[in-house]
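Taking it in order: structure first as C-alpha cells, then the write-up.
Chain nomenclature is as follows: A, B, C and D, assigned in order of appearance, with residue numbering initiated at 1 for each chain independently.
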Amino acid sequence: MSDLRRSRDERGAVVRVEELAGGLVELTAHLPHLAATARAGEFAQLRCGDGPVPLLRRPFSVAWVDGEHCSFVFERVGAGTRLLAAMRPGDTLGSLGPLGAGFTLGDGMRTVVCVAGGLGCAPFPLLARQARDRGASRVVIVHGAATAARLYPAERFVRGDASGVEVVESTDDGTRGHHGLAVDLIADALRGGDVDAVYACGPNPMLAATAARLANTAPAVCEVSLEAPMGCGFGTCLGCALPMRRGDSTAWALCCREGPVMPMQAVDWDALRALPPAHVA
Amino acid sequence: MSDLRRSRDERGAVVRVEELAGGLVELTAHLPHLAATARAGEFAQLRCGDGPVPLLRRPFSVAWVDGEHCSFVFERVGAGTRLLAAMRPGDTLGSLGPLGAGFTLGDGMRTVVCVAGGLGCAPFPLLARQARDRGASRVVIVHGAATAARLYPAERFVRGDASGVEVVESTDDGTRGHHGLAVDLIADALRGGDVDAVYACGPNPMLAATAARLANTAPAVCEVSLEAPMGCGFGTCLGCALPMRRGDSTAWALCCREGPVMPMQAVDWDALRALPPAHVA
Amino acid sequence: MSGESTVDLRVPLGRGVELPNPVGVASGTFGYGFEFEQLIDIQRLGAIYTKGTTPQPREGNPPPRVAETAGGMLNSIGLQNPGVDHVARVYAQSFAQWRVPVIVNVAAATVDEYVHCVRVLDTADGIAGYELNISCPNIAHGMDFGLDATAAGRLVGTVRGATERCLVVKLSPNVTDIAAVARAVEDSGADAVSAVNTYVGMKVHLAMRRPVLPNRGTGGLSGPAIKPLALAAVARVRAAVRIPVIGVGGIATATDALEHFVAGADAVQVGTASFADPRACLDILDGITAYAQRAGLARLTDLRWQPAPLPA
Amino acid sequence: MSGESTVDLRVPLGRGVELPNPVGVASGTFGYGFEFEQLIDIQRLGAIYTKGTTPQPREGNPPPRVAETAGGMLNSIGLQNPGVDHVARVYAQSFAQWRVPVIVNVAAATVDEYVHCVRVLDTADGIAGYELNISCPNIAHGMDFGLDATAAGRLVGTVRGATERCLVVKLSPNVTDIAAVARAVEDSGADAVSAVNTYVGMKVHLAMRRPVLPNRGTGGLSGPAIKPLALAAVARVRAAVRIPVIGVGGIATATDALEHFVAGADAVQVGTASFADPRACLDILDGITAYAQRAGLARLTDLRWQPAPLPA
C-alpha cells in the first residue's frame, strides 16, 4: 500500500516536449518533489489542460528523473494525451505524485529482466537507473513493439550511464530485432540463472503471456505494472479495481494504491483479459 | 434582416495577437471571405478553443479588414475571450460570418459621428474606412473609457488613411481628454449641422443616454449596436431577443438577424436597462 | 472493408413515412429550415423536426433566453413561433417543394389544442408527420403530459384518432420512469418516440444573486453534457417499446450518433451542435455512412447492444 | 469591504449538530477521510460525509467502474465498503479524535437494514449523524426509496424512531418530483436533506458495441456537467421544505459553491472535484469566506434568491 504522505500536488514548468519516432512523445517538466521521491513503477496524476474537459487527471509512469526534472513517455490516444503533447516549454504542468506502489527493488540483486511492450517502456529508464543504484549488476530490457519506428529508442533506456544495461528488441513485423513477440525473448534473458527479478509492463495480453511463461521457472520477484481507468489516483474513489486471485474466486484490488505494480501470480489473468480496453475510441 | 447567403464558415491562420494597453487585445487572422464581405457593424461567430467548453461560438464585431485579413478587438472577460487571447500565430481560427445587420452607410453622407464607449470601439475602425469610401467627408469618433489606459489607441481608428477622421476622447477619471462621459461630447460633435448619421456602440447605459440626447435633434440615421447572449448567431435558436418598442408594449427582435445594429428610437430602452448584464462572472 | 455501399440507411418510421437516412435535426435548433437552407444542403437530411409550433403565435420569453454551462447550454426560448396557421398556410408550401421530410413539432397546453394543431396542419401538403412535444420545460404546462404516463397515453390516443399522419412523441427525461411514458404512448398509437428533450437546469448570476434565466429561473439543458443521460434514456426506452426510437441528446459527431445506435436508437436528431457548427448534421451523416461501410454493416441498427436479461 | 471577518459560517443542522462551516465533502469522493488526511488538513472541513456504508461489507462492482464524459464522470462503484460493523468498531475511533464532524452515509435495501445500520453506528462515538443514501443508482434497489415519496417517508419515519442522531436524507434527482420526496422526508422527521446524488447515465464503447460500464451499462453522472441540474434541484427543494438543504453537484470552485447558496443551499458538499484537485474543498472554504467578507455578508444564506411567488 502506497504512502500518500510522500505525494505532493506540485506545478512546474514544462522544459521540453520531444517528438520521438512512431508517435511517441517525451515530456519533461520541472517537478522537484516528484523528481526527489519517485521510485520506478510509481506514477503521477498529470493535469491535462485546465478546463473541465478533460475533467480528471491522467496517470503516467515516471519514466526518467534528471536533477529536479521528470520525464513522461506517452502517445496521443485521446483528449488528455493530445493536450499534454501540445504543451510548450514554459507552460505549467500540474502533477500529483508520486503515487502507487512501484517495482520491488531489493538490495544485492544480480540480473534483473524488464519486459516492455510498446508504451510499457515507460517505467524502465528509471528502473534501469535505480536497479543499478541498488547494486544490480545487469539489467536486461526486452523491448517489443509493432514495428521499428514504434520502439522506444534503446539509448533512452540507458541514459546517464550505459554500463550493465542490455536492450534486446523485437518487432511484430520484423523491421528490427527479433521478428516476433517480446515474450519469445524471455527464456533467453533468463538463461544464466542469476536472474533475481522480472518486471513487465505493456498490453495485458503480453503481460498474461509473460506470467504464463514464468509460471514454473519464476525468479524470486516477478512483477507486472497494470492499468485501470482512474478517478482519483490515490485510493478514494474506488474506481480502479483490478481482478486479483483469491482462492478460486476474484477479488478487487485498487490499481492506484495496491498497484499499479502487482505480483505476477496474484493477478487473475482470465478476468483481466475479459475486461474491455481502457481506452474508448 | 441579414442575408445568410453572404455568410461562410471558414478557418484561417492567426497572424497576430497584439496586447494593447489596459487589457485590450487585437487578434488578426487570415479570413479571406470575411475580409471580402464584412460591412461595418456586422459580426463573426468565432470558435474559441476546440473542446466542448466553451460550447458555443462567441460574437465579435469585425474591427478592421486589411487585404485578406480581419482583426477583432476584445478583452478577457471569460473563458472564450481568454482562449482567443491565448492564441498564437499559426493557430487556426474558425469564423462564421459576416452575420447580422451592420450600420446603414448611405452614399453622399457629409459628417458622421461615432460614439464609442469602451470596447464599443470595435466596429469603428472599419466604419471610418467604409464611410469615407462611400464619400463621407468627415468622421468624428467620440471615444470614452474609464481611464486613459483603456482607451483604444486613436491611431487605430484612422489606420490606412487619417484624412477626414477626428478622434475626441473622454475618460471617467480625467486621465485623458474630457473628464467625464463620452455622451457629454455628442452635442459638440453635432454642432455645424452637417451630421447625417450617429452610430453608437458601448455599454447599454451609455447607449440609452445617447438615444436620450438625440431624442429631439436627431440626424437622419441614428443607430446603435447592441449585444445579446447568442446561441447560434444566425437566426435559428431564437435566443438573442432584444426588447424593441411596439406601440406601448415591448416586442422581441433577434440581435443576430434584425440587429445587432438597430435604429436608436426603435429600442425599448427601459426594458433593455432592466436586463441582467450578459457577462456572468 | 470495401468501398461499395451496402448499408441501407432508410428508416421506416410508420404510416408510410420512410426517412431517407437516420440523421435528422432537432426541434428548436433548426427553425423551420429557412436559415439553414441558406447555409447548407438541407435536402440531404433524413428529416427536419421543426421548431415547436403552437395553436397561436407566441412571442417567446423575455431575455436572456440562453446561457452556457460546462459542456452544455440552457435555453428558455418559450416556444417563440408564428403559430400553426402560418406554418400550415405559408411554410408548408416550401416544405412541399423539399425532398427532405418535414416533421412538425407541435406543442400545446390541452388535448383539444393538440388536436386543433394537427387538424390545421393536416390540411397542408409537405408535412410528413408530427412530433408531439409533451416535454417543453420552458412554458407553463409544457411538460404536464410528458411527466405522466396516463395523461400522455390519453393525449396520444386522442391525437391518433384525429390524424392519419405519422406521430412521433417527444419524451421528457425529467421523469422517474421514462419507460412507462414510452409504453403508454406506444400503446396509444404513437408510431415512434424521440428521446430526449432537455433537462431542467439553472444557471446562477452570482453578482445579481439570482438565476440568469427569467421567470422560474430554469431552462432546458442540452449539448454534450447530457449525452450520457440521453444514452441511458434511449437504452431504457429501447428496452420498453417496439416502435422506432429516435435518439436525441448531445450528438455533435458521427461517433456520438453511432453511440446512440448502440444504445438502441433507430434514427437520431442533431440539436445544439448545429449552433456552433452548421454543417454538423451533414458531417455526421457522412461520418456514420463511412463508418457503416468500413464496418460492413447492413443497417445501422446492427450496432445495437442487446443487454443480457436482468434478474428480476 | 473591510478585512474584518463578520460572517458567521456555522450551520446548525439539527439535533444539536452544528457544522463549523458549510463546506463538506460528498459521500464516495472522500472515502472515510483516511487518504485525504495524508494529503490535506481535513480538520478544517465543515463535515465529512463518508462512503456509503452497508449492513455487510461489499466488494463493489466489476471494473471498469469509472468513465469520463464531457465535463463529467460516470461511476459504478457498487458501494464497495467494509460494512457497518467495521466502521462502528474501527473507523469511528479515528472519527472520535477528529474535530471535523463525520456524518456516515448509510445505504441499504430494506427499512430493517437501514435501522440495523443506524443502531450499530449509534453504539459508536465520533459520529455526528447519518446521511441516508436512498439514491444510489449503482446497486439493485439502491434508488427504490429515493424514487417514491411515500416509501421514502416511511423509511425516514422508521429510522427517525431508531436514533436520536441528526438525520440527513440524500435525495435522488432521477425523479419527476424531487420536492415531493423532500417534503415527505421532512414530514417524517429528517433534520436536513442533501441534493443531489448522481444522475443515471451511460457511456458507450463504440468498438465493443456495448456500454463501458458493466451490468446494466449505467452509472451515476457527477461533476461540472450536472451543476445546472443540481442548482435547479436545490432551488426546487428549497421552495418545498424548511429544513436545511445541503447543495451537492458540480461544485469545483468557490463560485460554484456560492451559486448553490443563491439557489437555496444552507451548506454544500464538494464531490468529484476532489479527485482532480485534493485541495479543492479547502480552497472553496477559503474562497467563500473571502467572498462573504468582501461582500459584507452576515451569513452565506443572505445570498439566497427569493423567487417571486408563481401564479398557480
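Annotations for the structure displayed:
Throughout what follows, contacts are C-beta pairs under 8 Å (C-beta built on N, C-alpha and C of every residue); 3 or more make two chains touch, one makes a residue touch a chain.
Keep in mind that this is a model prediction, so the values were computed, not measured.
Identification of common neighbours of chain A and chain D yields B, C. In terms of the distance between Cα centroids, chain A is separated most widely from B.
Comparing chain pairs B-C and A-C, the larger number of C-beta contacts belongs to B-C. Averaged C-alpha coordinates put the centre of chain A at 54 Å from the centre of chain B. Inter-chain centre distance (chain C to chain D, centres taken as mean C-alpha positions): 34 Å.
The geometric centre of chain B is 36 Å away from that of chain C, both derived from CA atoms. Look at where the CA atoms of chain A average out and do the same for chain C: the two points lie 47 Å apart. The set of chain D residues touching two or more other chains comprises 70-72, 203, 206, 210, 224-225, 255.
Shared interface positions of chain B, defined as residues touching 2 or more other chains, are 52-53, 281.
Taken as a graph of touching chains, this assembly is complete, with every chain in contact with every other.
By the touch rule above, chain D contacts chain B in their complex via residues 70-71, 255.
Contacts from chain D toward chain A in the complex involve residues 28-31, 35-36, 38-39, 51, 59-68, 70-73, 75, 77, 80, 203, 205-208, 210, 212, 223-225, 252, 272, 274-279.
The residues of chain B lying in touch with chain A in their complex are 49, 51-53, 79. Residues of chain A touching chain D in their complex: 3-5, 7, 9, 47, 52-57, 96, 228-243, 251-252, 275-278, 280-281.
Of all the residues in chain C, the ones that touch chain D in their complex are 69-72, 74, 147, 174-176, 199-204, 206, 209-211, 216-218, 221, 224-229, 231-232, 235, 250, 255, 258-259, 262-263, 303-305, 307, 310.
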